[in-house]
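Structures are listed in the sections that come next.
Look at the two complexes coming up: subunit A is in both, with subunit B in one and subunit C in the other.
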Partner chain A sequence: MANKVGIASYGMTKFSRDDIKIESILLESTKNAFQNCSNLNQKDVEAVLVSTNNNSKYLSAVLSEISGIKPKISHSVESLCNSGTNAIVSAYSYIASGLADVVLVAGAERYDSPGQVLEWDNSRGEFKHPIFWASIFTKSYKREYNVRDEELALVSIKNHHQSIKNPNALTKKEYTLDEIMNSKKLTDDLKLLDCSRPCTGGASIVLASENTINHLTDSPVWITGIGQKTTSASFTKNITFSAMESSRISANSALKMSKHKADQIDVIELHDAFSVCEPMALESIGVSSKGKGLELVKEMIVTDSPKINPRGGLMGSGHPLGATGIAQTIEITQQLQSKAESRQIDNPKIGLVHNMSAASTSSTVLVLEN
Partner chain B sequence: MANKVGIASYGMTKFSRDDIKIESILLESTKNAFQNCSNLNQKDVEAVLVSTNNNSKYLSAVLSEISGIKPKISHSVESLCNSGTNAIVSAYSYIASGLADVVLVAGAERYDSPGQVLEWDNSRGEFKHPIFWASIFTKSYKREYNVRDEELALVSIKNHHQSIKNPNALTKKEYTLDEIMNSKKLTDDLKLLDCSRPCTGGASIVLASENTINHLTDSPVWITGIGQKTTSASFTKNITFSAMESSRISANSALKMSKHKADQIDVIELHDAFSVCEPMALESIGVSSKGKGLELVKEMIVTDSPKINPRGGLMGSGHPLGATGIAQTIEITQQLQSKAESRQIDNPKIGLVHNMSAASTSSTVLVLEN
Partner chain C sequence: MNVESELEKGNFVVGECLKCKKTVWPPSDYCSLCFGNVSIKDGPFQGKIIEFSKQGNDYFCLVEFNENVKIIGKITGETPQINQNVMVKKCGIQNGNYFFEFISS
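So, the complex of A and B:
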């Protein structure tokens, strides 16, 4: 690999259900990323990648113009809910290949994103909303591991609890087990508070080469592992409904590249689009053994140790599709820099990001280290 | 640069005004790319990038599934009319950085692409169709270099003439000067036959690393120069209306990287979205001196030497936005491989692709060699 690639700066917006123009969201998180890095000048930025499911065209050129950047490389990246980490890996490759030294990745979405409905998948019949695959995952996981709804609700309890300390979180509200169990029933197996909520939000991150990054930050965080896999687009092509094959493969690759084992990871951002996703992902990436993911969730609640989804995950923070993977990566970066304020966990050295799309038919896993 | 990157295979669809599903277009050109390369197996393809302005989501995962590929990396790339070369450069960076050895880039568009109207640019007022910037470019170029409409029409004559030998071209029809001059008047300075036409079409290309490519083809074409620049998104931020600043910068970078001069280039694909674009681009990339681009066009007509836009350019071939940059790159590849059949020019060694977006506010230039 020609160049080591690190994270030099980042900026966020608050997550909300507000009706804000996509360009304004992109600009706000990007402004914050510049403010967070006094040595970063617009002329340093050689590539601008926008991550979104928004239908507006040429957003990367628009963001460049309104933020005063004249990049070499500029385009939008879309892969539904893991657009953000796809764009980060693309930025990584521009730097590692020598085509750019500093890359801005800006993710943004509106509450009414067209990426919320899985239109292309005819095998789903009329069941095109993600809640239907989540419902089948839940049914399958419950049956395979003899799990009750009350146990799955612990994910929602934990992640909403953790989101209280995230100043950008959508709701910042705790829920009791009763409130979750009695929230609106959406399918046989899912209640409203088992679901993350699409929202309006932005997250920008600046990646830089080894030679450039020391000029920009005194606490760089390095991307030391990358794993990606797309197994299919259609839900029904999943090999199993109680594990995540693309996540398993991606985590294997990322851990191998970083030369670490799953049990060495200190802090994790997991793609908890629905309650069942958290134990399934923990098991698929190898942090828990099969069927044991919820034990780790329970342990974290009992010990009040938020090592999984410290910002509250997608359930607690909200899920602005194209921004999610970037927001996850920012959280791990802040944790490794000991800049996560009241969310800070104790002295983490190695972090992991897990970001996926559409019933885990595609996953990205990143390993970060400082 | 860690790895040299070459073109291993390619496939096209016919360009038409047909109502074909975007997934079907992507699949057809991709099938042709596999058929064109007997040693290429689905399992070799580690990244699938889709280039399009189509609003459908997750197309890269969909294309992967229907063509039997399970890639690591997969997402869509959008930058209006230079989406195609943006995706090719992204594929290049994945290979050069060592993240992938073989990458499929598939571009596709429908005749009714939402990328045809420049919605974001409020500085255009109601004049959001590209024909309005082209009209101002034409007016400005005519005034600055004392050029008549009849001279600009030579671009249309030449490129439609050259498209006759392109089996995939949209119209394959020659036009006389009278026919062009008397075609429907669209603005003060533009007639219908001064314009390229959006269409339905697909183009797929397979890039591979130096270590892998010899297994796939015995006539690899290498990407030896890359230049990209986005100067703005808004038309009114152009420094001049009679030259293309982003194209000038991109060509300089690409030529410098390839260690060649503009006068060493043997064959060129230029982004002739409108008649005036061909002389302007020739001048901006340094092949002609200022105001002299049309002299080269005349010379090519007189000598019947199609070294610029041998497949007929955008005007003769049609312009399926997200596929155009890939189709241009395929044409130069075929020319360098001496596989361009009746379009073949005499023994070219170095080729150049010029692909741009939205009044040349963004450009990509590639240098190819065998």
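So, the complex of A and C:
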């Protein structure tokens, strides 16, 4: 029987557009994770995983040294935008298998990350920047479900509104429908305020086995479901452009592992890299039926509920690629511990994290419970 | 002679597995199904526009050819339509990046 794995501590940095060394970002969130857990000692940490797309080398060993850790296992994880949750899954596996009891996962990125463009994907021709796949997804979703740009803009309104209550968010600025509709037109189907913004930021999380976690925290949050799926690396190999196939499969696996149904989820952090990603993700996870994701977004606005992307998602918080999945997981952890302050939803029991890469060619979904 | 060097010369070709005949795209050294060696499959290939959008004055289209080959390229001088039949008018590789331009067919 595999060991149970829980979240013992976490630390964040502010998200910014600042020019900060990657090592400094990693250390800052790691320091905060240690300071957030008085019983955690460097010698407890048996593995250190770094999640980033940064080109610097040997970062897990560097972070270990400057944090005073001599881990058994240390390495980096890179998988574009879902590096963070992928690193958490690796950490989970080390603990579940008994190879480690306590694992530090540190994610960091700079505003100028090389992970923003997948150079390898030549089927995209000269249209390699993410705004082009996002435009194709948006056009395809609008066509399939007869959706207007004004309706998609609701995602941006909601997530920027929620980011006001996130002390680490990049912009913390609200936008009106007019401001979003009149923001810089990037393509016929995408405006600047439909996009999340790459930024500088870090997020660290400490996972621990069932036997050790009680020494570290009295409010552990358990990882009870994991689903991952990679369908391709090429954007154009997607079988549909109005849904997220890898997200559907990974959400299904994660929910099955946790023995829950999508309608039991109390709080969700999902990968709203662009406005259209939010309804597509809600539908792929199974929280909304096909073409109905925006109805749920509208309902969240009308009821002022932070249930979906309480910290403001990627659009509101900023998107430091390697840190994003970890920051999402920290938000759900805080929600389940009732420590999310003004973002707190009422008494959640089950939370879900959805993190994906490169137009949903790869997705990771985690189910967390308190 | 390989697929990429043909693309570089402006000839739109795809790969084909010598062993199982599967189309190999994007260009790769071996077949993703059986790891067989790859030869060149010559066009011309008929494609269909399955989605498009526009940046500035330029339309960019997602075009599907047979055998699950899908690429993104430009179309100029006409407004694209979904399901419109197109062919590759121009292609090439510039600074390691492919480019494609389509024409109605």
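Worth pointing out:
Heads up, the rule we're going with is that the second predicted complex is superposed on the first by the 369 of 370 C-alpha atoms of A that agree within 3 Å, B and C clash if a C-alpha of one lies under 4 Å from a C-alpha of the other, contacts with A are read in each partner's own complex, and residues count from 1 in each chain.
We take it that contacts are C-beta pairs under 8 Å (C-beta built on N, C-alpha and C of every residue); 3 or more make two chains touch, one makes a residue touch a chain.
Keep in mind that what you see is a predicted model, and the values were worked out from it rather than measured.
In the superposed model, A:Glu119 lies in contact with both subunit B and subunit C. Looking at the shared chain after the overlay, A:Ala273 reaches neither subunit B nor subunit C. Of the two partner chains placed around the shared chain by superposition, subunit B and subunit C are both touched by A:Ser234. By the touch criterion defined above, A:Ser140 lies against subunit C but remains apart from subunit B after alignment on the C-alpha atoms of chain A. Note on subunit A: of its two partners subunit C and subunit B, the one contacting more of its residues is B.
When the two structures are aligned on the shared chain, A:Tyr58 is found in touch with subunit B, with no touch to subunit C.
With both structures placed on the common chain, the touch criterion links A:Ser253 to subunit B but leaves subunit C unconnected. Overlap of the subunit B and subunit C contact sets on subunit A: residues 119, 234, 237. Across the interface of their complex, subunit A is touched by residues 25-27, 50-55, 60, 62, 68, 70-74, 82, 94, 96-100 of subunit C.
Subunit B contributes residues 1-2, 23, 48, 53, 55-62, 64-65, 70-80, 83, 86-87, 89-90, 92-99, 114-115, 118-120, 226-234, 237, 253, 357-358, 361-362 to its touches with subunit A in the complex.
Residues of subunit A that touch subunit C in their complex: 119, 121-128, 132, 135-136, 138-140, 143, 186-190, 234-237, 241.
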